[in-house]
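In the two complexes below, chain A is the common chain; its partner is chain B in one and chain C in the other.
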Partner chain A sequence: MANRTSAAQRPNGSTQGKICQFKLVLLGESAVGKSSLVLRFVKGQFHEYQESTIGAAFLTQTVCLDDTTVKFEIWDTAGQERYHSLAPMYYRGAQAAIVVYDITNQDTFARAKTWVKELQRQASPNIVIALAGNKQDLANKRMVEYEEAQAHAEENGLLFMETSAKTAMNVNDIFLAIAKKLPKNEQTTGPGGSGQGRRLVEGDSGAKAAGNCCK
Partner chain B sequence: MNEEDLIRRSSEEREKIFRRYERGREEGAEIDPWEDPSFEVYHATDRYGFIHDKRLSSKVDPQEAKRNQIELERVKKWLKMLKSWNSSVSKEKLHKRIYKGIPNSLRPQVWCKLLNLEKIKSENKGTYAEMTRLARLHSTDARQIDSDVNRQFREHIIYRERYGIKQQSLYNVLTAYAMYNSEVGYCQGMSGLAGVLLMYMDEEDAFWATHVLLTGQKYMMHGLYKEGFPKLTRFLAHHDRILHKFMPKLKKHFDKHGLDSILYSLKWFFVCFVERVPFSLCLRIWDIYLLDGERVITAMAFTILKLHKRNITKLHDMDSIVHFIQVKLYKDFMYDDDTVIQSLEKTIDELKRSKLDHPGPPLKDEIPSRPFGVLMQPSFEQIVGRRAEKFTEKEQTTNEIVTMRREEARDALEKESRESQLSVGDSCGLAGSKFSFDPSIDDASSLLDCQHTGSRRSLADTSVTSTADLSVFSTITRSQAHENSLDTHSNISESSVGAISSVGSGIMQSGSIQKQPLSSHSTPRATPHNPSPDVVRIYVPYSPTDTPTVSPQNGDVIHKSPPTSFPEGNKIRIRIDNDDFPTPLVEHGKIKHFRIEHHEIDLK
Partner chain C sequence: MSATLLKNSELQFGATTFFAKEHKGETCGSNGLPLTPNSIIIYGKAQKLKLFKHPNLCTYLDIIRGKHERTVIVSQYCGVPLSNYLNKEEFSFEDITKIAYQIFLALNYIHEKKIVHRSLSTENILVQEKNNIKLFNYGLFYMTDNGKLVSFPIIQLIYAAPEVYLDGPNGNLSNPKVDVWSAGIVLAELVLNKPLWQSLKVGQRIRKVLSLVQGNTSIFERIAREHNCYEKYLSVPDDLKQVIEDCLNIMPCDRPTVDTVLKNELFAHFKTVNQTNRSKICEPFEQFTIEELYHWWQLAGGDVLLELKKQGLIRSSPPILSLPQMVLIDGSILGQERNPATLYDSRIIQMPLEGLYQRFEHIPLNCYYPLIHSKSEILSKADDSSYNAEKLPLVIREKDPEHQFHRVILLRRLLHGYPYTRDLIIAESIKDIPPLLRGQIWAALLNVRGDYQQEYIKIDKETPTATDRQIEVDIPRCHQYNELLSSSEGHRKLKRILKAWIYKNSQYVYWQGLDSLTAPFLFLNFNDEAKAFACLSNFIPKYLHNFFLRDNSAIIQEYLSKFSQLIAFQDPVLANHLESINFIPELFAIPWFLTMFSHVFPLHKIFHLWDKLILGDSSFPLHVGLSILTQLRETLLASGFNECILLFSDLPEVDMEQCVNFSLDTYSTTPKSITARTQQSEKSPYIATMDIPVQDLNKEKFPRISVDDVVSLIRDDNDRAIIVDIRNPTHYARSSVKGSINIPCSSITFGEINIENVGIHSSLLKKNKDKIVVVIGSEEANLDIFPKFLIHCHIPKVCVLHGGFNVLLPITPTVLIQNQI
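And now, the complex of A and B:
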């Protein structure tokens, strides 16, 4: 996919704003709302009965930051332990990860912590990790305190937000926060390169997405 | 919390979940408002029970009415056949009728017969009840199954109500089966399997049907769901081999966009196309799957790509390809069910002829090794639902296999780009070891093929498609030229690359000849409606002392005059046995079949 990196010039010779492409992976216990977060972010929709993800799903979405367009290649993984053995295939070479838990279920938070540990050990060293406490709309059934999760995030250098795919609270924000934190250097790297996004330019596959954002 | 507390808490949780299902919707049921959808039953429920967002049309589609009439007629024959199932039903008749589709009203009986449930049930009396009892006491999968039951087929009327009767059944079957086959336990995907079965049978039958699908020789889904998914990796590899052999361009298209088959095909293999093709078609595939077993899945996977190759090659990023295959085809397959099934049947034959219809017997670790129905003491981690710190050996293997698959595809692509740069130079004078005239996407006839076999799509689309294809072709060529510094002749090298990268699969051996029907790419004409020539690819083994002269030849147009003489005893046999792709002819706006009369032509 390195072929998507092309020269930074249009036919008329003018240079365009940067387009960076990042691989992002969602991890977390089953039924915490990984697919719902992605669906909300990518399509602005919410399904009460989102089908369970078998294996993994792949989607893309673009966000704009000043003069930079950030295109996320999102890998949404299956949560069941059985599918854990496939997960490294998705987080290998990822520049960002969102580890999701359900604020109404303490176990999912414990699981999130082990995912963070695994990422820190196995994924790219510069990976940007965000922790998302999802189902904030069910805060009356809360089992994981905001402060507890925040403290864990601070200790481990993670971005942290409580989100709700249902009400859309903080969903775009968490992706934006990640986009801001990702290094958008001039150099380009191939797929799987750690730390840096691949820079793209309008005129190839990034163009369509770039047109859609900044609305 | 210490270990004892954790275990106690898990057992309380299990207790709570089981109680909810036992109580069902009776008074006192705890159901969150979001768990129960509001719905409109009478106008929007289709004949299979699925509820749609929109009201269904009040008018009866005349085609559907006709189909229903035919189905009603068939019911009589089927009833007769069911009566004398064991004695007089011939294999051929059963095959023919099942490929035409089992009448929906008789699926319950016929599916039970195909799976031979009566026998297994009579041999295992009381087992199901015992397993539900054990699950109640020891299940470690209650939480996962509960969360999946809550989202499986919720748009179907029988699963609509939280803790409704069929939700209870689904929960019971899955928890019981996880006890019975403890090696598999519960794996996501199984809820789809049991979910479909329960639409047509009762709880106990669905339990045994699940068991037959997992462990019956024909189906052996055990190896799919088991830790490490050993069967999945084997079947995916086989799927890739088929793609490589029959649709190398499509395979390359996938590789170019980093699209491993695991990304689009998982549900094909895991749940036999549930939620990947429209439900009516899915049932037809299930009918055939229950009759003929796992080779049907292999063939259907190939059929889907074959039918939609044109559409897929027009998509130029992973996102839209995956979306097309997984979402769009589920909403609208674009071909009517009969057409797809006919195509599937042909594909099965085609794969049989190439000995690729089946990837071979299951490996040892795909077969159940533990006795069924014996209570295994779950580990502490299983009880409290804690993840293991490390992968087991099997998981590690799977992980390595899938990672390797991706790397291999990437390597092959890189190698190919290197090779093609080399071979463009080499083969310019047609003096290279292998060459072909094949500037096409594998065979461009897939859409046309459907249209003349009676799809719903109008002829008007044909011209659009064909025109578009030319532009797609030029786009591909352009981008290749850009990326790999190839010129527009880059396709010449494709065959040599194909041969090189077909590691160990015996694909595209030297000397083999492939028929390549394609649309008017090679000889663009004034209108896209013109008949497309069949281009024949000829691979000739390189022999430095005896360089043969070969001419490319197509069905009716010769690009280049054939050589006047061949060396003594040198005979090239062109064999065209791929009559799945008759070249369509358009006359007076209608598409006519065009068949090749002589399947073998000897060039002397």
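And now, the complex of A and C:
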């Protein structure tokens, strides 16, 4: 816990180059592996029985991209349809989103498509959206064809990868791909903690307002 | 002296052990989750056996999982195996008939429960005094899913019916008639007084049994002739002989059922005896049960695995020997097979009870019969000798055998009298709840009554619904570290209870989190699904009224607003900090309250939390939330938004006893109207007096207090409150609350956050720690700014009288000083 926090807050070499922070949200049907993807990305771990997420969870992770340090503030949301009303509170103001589906379940892919639509309609106009077909390790039980998902991604201008939180396949890659695509000229702050705090407050006051009106 | 009460020949237990089948090759099921280990499946299935109570059956007590799929079964074990008698003492035909009757009674009981013994033999029939018998190890075939979960055959050579052999070594034939055959062989051995085909090798024995299939003369007669006992055979009374011959019928369809055998005239006279026993008006008071004895034995240091190790049933081999000799590139492993001969060990190890006897030796006899309703002066002196552990920490009390002895004896007695003894149960539960009886005590505290079982049976738990998919993906993620909840039986039961609850409460829907909420009840009532359901059904309206509505936002909003206000009331420093970093409860506390913390804590912590929660009202959880924040206070105060939210994404260790005690503390010192909600199910007088729209509630950082609470604060104990009147001095001079101070709002500059700004009364407020600061005014605007100012100045316990000064006028002229001009 403490290690992760300090690693996330004070990345090595943070004094050189730019530091960018991005709010990223994970969306998708429940039990497709959103929390597992985040856990793999942030802590390098995988829990077979990853418990369900109620409301949302928050984690951070920093990646280095050439001379830029990109810090992700990740909101991992609850998948159950009923928690949908909370979702805008988390994707409001997000610069990136990963919409996750389970390649062994066609319904979760349909749900992913509707999430993409909702984001395109209601989230920030410049949001970078990635589509992740998770549970690639179960490819022998595949119900969603790679080509089908890829075609959908291309049509909608999404990043697309099939991932596996279990084997770690493409997990870091999808976050890196998002980091590459995000504009690095804005929100450059110094390494101090105060700048981070300020920006988050802005982001969240917006989120709270959204939460109030949608409820 | 009184340990003699414990020394009962029937209160003995022993253990056997075997290995469950290991999963070969594929390790993942079709849902991508790892396959449930077979030992866990067995663990879940075997729980049902603990319910079996019959004088002719050994009671199952426990199932323990060891390393590498080892399973240990702990069961009552008393008396001497019937096999020990063969070739030695001879039973009379009357004795044999009595034994036969009891065997069939026991078999009938398990057959009614849809269980087939399949390994009945003289080894696992235990003889007690007066030729009473008990069957032992009768659940092996059932718990291993008809033998599918183990890789050894469940069969007793000689005793197995011919069709069992024909079914092959991996067969799982589960026709109850196989037990009838085995009973026939047992009786034949008893009558002939010798074990059959003892000198033969395994293969020859099987051949002997199979050879019985041929020929059409009496099988019993052929067996007798083969063993040179024809004369004995002839001397057997006809009715007994006939029963044995009926049992030894080659064709299962011609063999009678146990039920039919019991109707035989041979056993008629036992039935009448039995009935006279039953005519007793009431059963003698049970001193304690074997389950309790086993529980205390464990607390007193008894360790089944250790005993098995001592006796050589569990051997540890150096870890290097368990490494595979070769691993192929495709992942298959060679040279790691366990010796098949070690998979099942037929030995039974009796557990030594001397340690427990010694430990309990000094407990006086009257402690076994605690007085409940009358405590006379004379007897109360004797009570002083009773064990006093109340000062010890809860976790120690729960592990203290003697304390648990007294608690279990007393509370079981009280539970016998439920619902009439409910008040006494509550009073005792405030002290602590013995873990062994927690399920029953919770049910009593939650007011579970009547025919909850009938009610549960009536509910449709099977018809597929749209919610099923969600339930199915949530259950394999719900408290899966727990053996019971991760077993297939546990999954099945949890699903049924959830479906039943949704069916029964059609105004509500399944929200993720309902699974976590149900888990503690299922764990505690694993063998009584209906009770788990009844507990859940009574728990939700009390603590989570309307939380599971399709649109629950108003309920959650109000709850979280009250939570914020409670933080501001009890800990303004923390409240200010959290507000300044925008760390709102919406971001972290929804899973806390929606699941009453069952989503954030492991089961053992939930138990200690709910032990108290169940005794409180629906505002108690708010205090628990505050208490968690308080434990993490230093970290929170030193952290920004990110660190705070990270802290809660992975909640650090919380000391539960401390947490609960702190919650009780704030719970008892907070006026009830502070936490009263409109959306609670209990009728509360505060709700009528304080009807605050949710939108307004959200804006207010401080709580309101009802006029009733203020009046009682003023009247009962004037020292508990500081009444701050913020009206202008003219109004104050005209009429004011006795002992109140006047800080006219108009005199203060709010721009600078400094308590000195309030003037002469600032030191009184600054020193305040425990007193409740009730702000009384008449103008709404001031009633917002002033208390906010106080909170920003870190003044604790600030609240506003709801309705303003004027509400005091009609209700209580006595608390006011009126200066008529």
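Here, the second predicted complex is superposed on the first by the 169 of 215 C-alpha atoms of A that agree within 3 Å, B and C clash if a C-alpha of one lies under 4 Å from a C-alpha of the other, contacts with A are read in each partner's own complex, and residues count from 1 in each chain.
Following the convention adopted for this analysis, a contact is a pair of C-beta atoms (placed from the backbone, for glycine too) under 8 Å apart; a residue touches a chain by one contact, two chains touch by 3 or more.
Since the model is a prediction, treat every value here as computed from it, not as a measurement.
Using the contact criterion defined above for the overlaid structures, shared-chain residue A:56 touches chain B and also reaches chain C.
With both structures placed on the common chain, the touch criterion links A:135 to chain C but leaves chain B unconnected. Of the two partner chains placed by superposition, chain B and chain C are both touched by A:78. By the touch criterion defined above, A:89 lies against chain B and chain C together after alignment on the C-alpha atoms of chain A.
Once the two complexes are overlaid on the shared chain, A:30 sits against chain B and chain C alike. More residues of chain A lie in touch with C than with the remaining chain of the pair chain B and chain C.
In the superposition on chain A, contact is made by A:111 with chain B only, not with chain C. In the superposition on chain A, chain A positions 1, 30-31, 48-60, 73, 78, 80, 82-83, 85, 89, 107, 205 are in contact with chain B in one complex as well as with chain C in the other. Touching chain A in their complex are the following residues of chain C: 28, 30, 32-34, 469-470, 473-474, 476-478, 480-481, 486, 509, 511-513, 515-516, 550-551, 553-554, 557, 581-582, 584, 586-588, 590-591, 594-595, 599, 640-643, 645-650, 652, 698. On the chain A side of its complex with chain C, the touching residues are 1, 4-5, 8-9, 30-31, 48-60, 73, 78-80, 82-83, 85, 89, 104, 107, 135, 137-138, 141, 166, 193, 196-197, 200-201, 204-205, 208, 211-212, 215. Per the touch definition, chain A reaches chain B in the complex via residues 1, 3, 6, 30-31, 48-60, 73, 78, 80-86, 88-89, 92, 107, 110-111, 114, 191, 205. Considering their complex, residues 34, 37, 144, 147-148, 150-152, 154-155, 187-189, 191, 225, 227-229, 256-258, 262-263, 266-267, 270-271, 275, 316-319, 322-323, 326, 385-388, 391, 394-396, 398-399, 402-403, 406, 479, 482-483 of chain B touch chain A.
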